[in-house]
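Pasting in a structure now, in structure tokens, and then I'll have a few things to ask.
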Amino acid sequence: MNAEARVAELGLEIPGPFRPAGTYVNAVRSGHLLFLAGHVPHRPGGGIVLGRLGADLDIDQGKEAARLAALGVLATLREELGTLDRVARIVNLYGVVNSTPEFAGHTLVINAASDLLVDVFGGAGLHSRLAVGVASLPAGMALEIQVIVEIKD
Amino acid sequence: MNAEARVAELGLEIPGPFRPAGTYVNAVRSGHLLFLAGHVPHRPGGGIVLGRLGADLDIDQGKEAARLAALGVLATLREELGTLDRVARIVNLYGVVNSTPEFAGHTLVINAASDLLVDVFGGAGLHSRLAVGVASLPAGMALEIQVIVEIKD
Amino acid sequence: MNAEARVAELGLEIPGPFRPAGTYVNAVRSGHLLFLAGHVPHRPGGGIVLGRLGADLDIDQGKEAARLAALGVLATLREELGTLDRVARIVNLYGVVNSTPEFAGHTLVINAASDLLVDVFGGAGLHSRLAVGVASLPAGMALEIQVIVEIKD
């Protein structure tokens, strides 16, 4: 099954693409690789999920934030490629979690983004990954997801 | 207008390339992509901008550090390519800011690096980007900028 | 001398490949580039090196952890490519150290990973690099190493 059909089947609501909040763009293509910017957890009703994992947010809230950021990735991919069906492979995902020094649940949080990509793209959604916890993020947001994607001609 | 002419017009002083401070090199080319190392804010008079955003440095000092790191990127690109005019696109910029947990102004700080690249390369300088705040950086420096560049043959 | 011969000469014990601890894979190839996941410091006897540089671990323990993570990278490369001799170049290394805000010795720690790669691959092992210190890592581990590799056909 292709990715767009899968999105419909899962009933996913992919938001419109979000405008970058600085001097950058959401994605740049070079050859068959598309390098996306860090994507942030936009709430469906507006606003961004703010706060620190291990203090302000629990694992479930972190997972929801990761899922929202991954939906933003889908929004950008659809905007850039016209259709998600042009994704050949999610190559790499870098998940950056705003966290206290004691937080250790990054894997569970970032899995929520990875799982969504696998749900949509199947085996082509399975990626290499790095997950870390940082001291701070722009505007105090909860996390960011950055992906590299291989695209079909 | 090409990039070298733009550098002259802007009166930018691009430093000589800096020697890496560890077991690595400033850049490695693979195909049409050039992967640069993290570039640090070298002061024109010598030394590196040290300190933490949100504690030791304010936003303006952070912006100046980001600009200095971006000038170092230009130095490396000129050294690697002979001329900045061989840059086809700044593909991705990763900005890492040494910051307190409360700091939230990463976008303003890293914009100073992004703005310089757009000033020099025009639309080809516009990149995808991730900006984060980390607990610490080598030698206590204020920030690092890492870029991926597409080059012309 | 080729890389596999070098591994034998150095008497390196490359572990079997490690199973990823989340929804991801150890490596994804796109064109001639292989994007590896973050690799963690698995101890030869089992378990992962945990703790924070600057608090729980000293520089020598950090260097040992970086070396163990680099051995994991070799394990993945051998698994993915059949033989280390298919590595054309280590393109980029991203070293992420779990550290206190005061820690400043990232370069020494991550050099231990870079040095191992240069020992094995010679000039082809020399890479661009970024080293940072983060607030936390999954499960409290000491560091992670992520590399991008160019491979031969």
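So that you can tell them apart, the chains are marked A, B and C in the order they are listed, and the count of residues begins at 1 in each.
One rule holds for everything that comes next: contacts are C-beta pairs under 8 Å (C-beta built on N, C-alpha and C of every residue); 3 or more make two chains touch, one makes a residue touch a chain.
None of the values given here were measured: they were computed from a predicted structure.
J.: Quick check: superposing chain A onto chain C on C-alpha atoms, how many degrees is the rotation, to the nearest 5?
T.: 120
J.: Do chain A and chain B, two copies of one chain sequence, contact each other through the same residue numbers, with over half in common, or through different ones?
T.: Interface between chain A and chain B is built from largely different residues.
J.: Provide the C-alpha centroid distance between chain A and chain B, rounded to the nearest whole angstrom.
T.: Here chain A and chain B have centroids separated by 25 Å.
J.: Quick check on chain A: which residues sit in contact with 2+ other chains?
T.: Within chain A, residues 31, 100-101, 134-135 contact more than one other chain.
J.: Touching residues of chain A toward chain B in the complex: what are they?
T.: 20-28, 30-31, 35-38, 52, 94, 96, 100-101, 134-140, 144, 146
J.: List the residues on chain C that touch chain B in their complex, please.
T.: That would be residues 31-33, 54, 89-93, 97, 99-107, 110-111, 114-115, 118, 126-135, 148, 150 of chain C.
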